[in-house]
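Take a look at the structures listed below.
Both complexes shown next keep chain A, but they swap its partner, so chain B is in the first and chain C is in the second.
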Partner chain A sequence: MNRYRVNQIMTGILNGVTLLVVLFIAAFILYLLASGMTAINWRFLTTSSEVGLGIRDQLFNSLYLLLLTQLISLPIALGAAMALTLYVDKRSKFASFAQGLIQILSSLPSIIVGLFGFLILVLKFNLGFSIISGALALTFFNLPILTQSIAVSLQGVPDEVMQSGLALGISKWHTITKIILPEAMPGIWSGIVISAGRVFGEAATLIYTAGQSAPTLDYTNWNPLNPASPLNIFRPAETLAVHIWKVNTESLGQDAATVSRGTIVILILVVLLFNLVARYFSTTMRKKVGR
Partner chain B sequence: MDTYLNLPEEKDSDIVAKDVNIYYGKQQAIANCNANFPRHQITALIGPSGSGKSTFLHSINRMNDGIARVEGELVYQGQNLLDPKVNVYNLRHQIGMLFQKPMPFAKSIYENLALPLREAGNHNQADIAKRIDRVLKMVDLQHEIGKDLNKSALHYQVGSNSGFV
Partner chain C sequence: MNKQLFNSSKEIRQDKLGRLLVYSALTVVLVLALAMLYFIFSKGIATFTQNHINFWDFLTRSNWNTDNLQKPDLGAWALMVTSAETTLLAVLVTTPLALVIAIYIVVMSPKIGGRIVQPLTELLLGIPSVVYGFVGLTLLIPFLRNWAGGTGFGVLAASLVLALMILPTITSLAVEALNGVPQSYQTFAYSLGCTKWQVIVHVLLKISAPNLLVAVIFGVARAFGEALAVQMVIGNTVQLPLGLFTPAATLTSKLTTDMGNTIDDTLASNALWSLALLLLVMSLIFNLLAKLVLRRSQSRESISR
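This part shows the complex of A and B:
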């Protein structure tokens, strides 16, 4: 067989395999969307699970937990990524040790993070099943993902940029904040949004930390200390992903399947939206700023 | 910051290297270098690849700090530039450095030129604009890029990129 033929065959196989992957994913998502679309209506989105079998509170809880988690993780992850890429000598023992730990943490099964959060946050620190327990446990889950993606986007800025900045008499801190960070910003945003997608769909970590109950919330009560207030961080909070798990394990009768499918659709749509936003940042925005 | 020495105002001065030795760890890159760089002249350092030309140049505006160990003296305006007390930012404002590979920042052309001036303590917008205009005329690029100053420097390839740095 001549090499042109081999090349043709291999190209064909590789294209075929890629097509297969795309078809599997497309079929999977379309099936979930099609089977759940009928469950979605205005009532489903705007009533609580106790009163109208809706997911209003779960949706709010998911977004609120995500916001809190990112607020806690972002400064830590940004600092760690900056230290590892711009300050610490990359060949030093400390750098490889820290990087190893981050990798281990990122491959930690989320159920372990959940049980860790349960033992330490819920029981030891006596925070109970609460949003703050959930957000802190999710931070452990989120930190390695976020740190790695921010580090990658900072590494995307050539080392010579730092050299050029320093050579012009600009301090290291100003070179970082005024030149390197703005250039890396699209990548950082894309990393934040991708990790947001992971956090949003996380269930195992939250089952043991934020709890599985969704007390009906009073959206007119904005006092963060009131147990019925959506803003209260010490109340238990069931998210969309946990709701799917709970509905499927503790069946509520014939409505359970419908509620579960509808929730799946909302969860998938939000995660898809996050991914589209991430793509926007990593392509359109990068074209505007990047090299 | 007061403990750092600012260099005196510019006056007639050479850059003189006296017995400069530079080490990367245990490895010696430059041995007993003595050289004189007269003012208002162009001096070229010539040598084979890896002979330490860049290492030596980096030492003059202290870009080697924390990377290489530099011994000896580099005297400029009667001041040893290797003195740890020398204010390196001030030094780098006076002794600039261009790299082999031009590296414009991911900003507009105007910002690329204005940022170093602002970082050097010049916050007078009118003065910055005047200086940028003067520099562009000096290098005869005002017609070519004068209208495009707000475009990204990264997408603009002029004959010599170094015009921006």
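This part shows the complex of A and C:
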């Protein structure tokens, strides 16, 4: 058999296998969306899981936890990434130590982060199963990932920018905040959005920190200290992802499947939205670099 | 007048404040990482120092019985074997498929690959792990039950769920690895009369082999550390996985099921921390392996230049 024949056969196999896998993935996602669509209606989105079978409170909890987590982790991650890329001497021992440590932290299985959060936040600091425990545990999970992705987009700005700033007599801080950060912003945004997607779907970190119950919330109560208020950070808060896990491990029968399918559609749509937004930012980034 | 001259300017004060801010942020991250490593380590060895469980027994025995405090019978061997087996099976199923897709995206048809195939696999990357667990529970398990009998829960179900989960991880890293091979090498090989398949095998795969290996290592690490999806389909029974359909438990699934029921500083809780320590050590090993492979390939490159 000559090499042209081999080439024909092998490329045929490559194309065929790819087609099969792509069809499989497409079928998988379409199945998830189609089987869940019937479960979604206005009632499902607006009732509490304790009264009806709705996911209103879980949806709010997910968004609230995501917001708090990003509010806590973004300033720290941004600062750490700036220190790593713009301040620390990159060839020093300390730089490789710090980077190694962050890499280890980012590849830690999330269940370990959950275990750590459970022991430290819930038991030691006595925060109980609460939003604040969950948000802090998610921050532990999110920080290394966000730091790494921000560091990558800061590294994308050429060194000459910093040098010309300094040569003009502008202070380092001024150069960074006024020139380098705006330049790296689309990359940073895309990093934030991608990490938001991961945080939104995370469950292993949360089952023993934010807890597995969603007390019915009163959305007219805006007093953050009232247990029924959605803003209260000391109440337990089950998220969408945790909800799927819980109803399936408790096996509620037919209802569990229906509720899960509907919840999955919401999760996937949000993730899809995040993907699109991240893609938009990375194309703006490419345009900026190509300028 | 004098005073004003000797005061530092607003710019310099801002500069110092900025430096202080970024270094304190970095300190927070590093302290957190060290605290976590320290905690897992000190809690993880408490099983052997406080509860006097024999370390060797812990590694080689397969029973998990923490109720009898006088004579606890505790061993992680079965959990480790199950973790290794599910991970290995998942990677064996996924790696060839991921490589094929990556080759398709980079070489066969960058246009369709970049517009359809790659976004689709990336979408898979964003789907939360509980969703994979749910699909495993509602589609895969009934299918396996009809096909092979038994309950359907077990090692094979967990491996297949993991296989789908790590497909996007390995694929996207493999695409990066293949894209790292300079385009000129391909052009050069074509101009020598190579067929597409020859270019793929002798140029692309050969040059990017270390980076492809790293892609697989990261896939392994993700599969090894995944907890909830596995816990939902594996059946959660601590025993040696004798067959593909034996219900079993992995390091992560055991942590998931037992974490909430333990009281701090008891044997049951310390034993779980020992499992976490094992997971941490494995994750460190995967990191180290990836680093070693990359370093070797880089030093080889610098020699050939």
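The definition used in the following text is that the second predicted complex is superposed on the first by the 260 of 291 C-alpha atoms of A that agree within 3 Å, B and C clash if a C-alpha of one lies under 4 Å from a C-alpha of the other, contacts with A are read in each partner's own complex, and residues count from 1 in each chain.
Assume contacts are C-beta pairs under 8 Å (C-beta built on N, C-alpha and C of every residue); 3 or more make two chains touch, one makes a residue touch a chain.
What you are looking at is a predicted structure, and each value in this text was computed from that prediction instead of being measured.
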item: First, second, both or neither for A:207, with chain B first and chain C second; value: second
item: Chain B versus chain C as contact partner of A:12, first or second or both or neither; value: neither
item: Which of chain B and chain C A:116 touches, first, second, both or neither; value: second
item: Partner chain(s) touched by A:32 [first = chain B, second = chain C, both, neither]; value: second
item: First (chain B), second (chain C), both or neither touched by A:182; value: first
item: Which of chain B and chain C A:271 touches, first, second, both or neither; value: second
item: Chain B versus chain C as contact partner of A:174, first or second or both or neither; value: both
item: Chain A: partner with more touched residues, chain B or chain C; value: C
item: Touched partner set for A:227, first chain B, second chain C, both or neither; value: neither
item: Where chain A meets both chain C and chain B, residue numbers; value: 171, 174
item: Of all residues in chain A, those that touch chain C in their complex; value: 3-4, 6-7, 10-11, 14-15, 17-18, 21-22, 25-26, 28-29, 32, 75-80, 82-84, 86-88, 98, 101-105, 107-116, 118-120, 123, 140, 143-144, 147, 171-174, 176-177, 197-198, 200-204, 207-208, 241-242, 244-245, 248-249, 257, 260, 264, 267-268, 271-272, 274-275, 279
item: In the complex, chain B residues that touch chain A; value: 61, 63, 88-93, 96-99, 101, 103, 105-107, 115-116, 119-120, 152, 154, 165
item: Chain C residues within the chain A interface of the complex; value: 11-12, 14-15, 17-19, 21-26, 28-30, 32-34, 36-37, 39-40, 43, 97, 100-101, 103-104, 108, 116-117, 119-124, 126-131, 133-135, 137-138, 164, 167, 195-198, 200, 221, 224-228, 231-232, 252, 255-256, 259-260, 264, 272-273, 276, 279-280, 283-284, 286-287
item: Chain A to chain B touching residues, read off their complex; value: 158, 160-161, 163-171, 174, 178-179, 182-183, 288-291
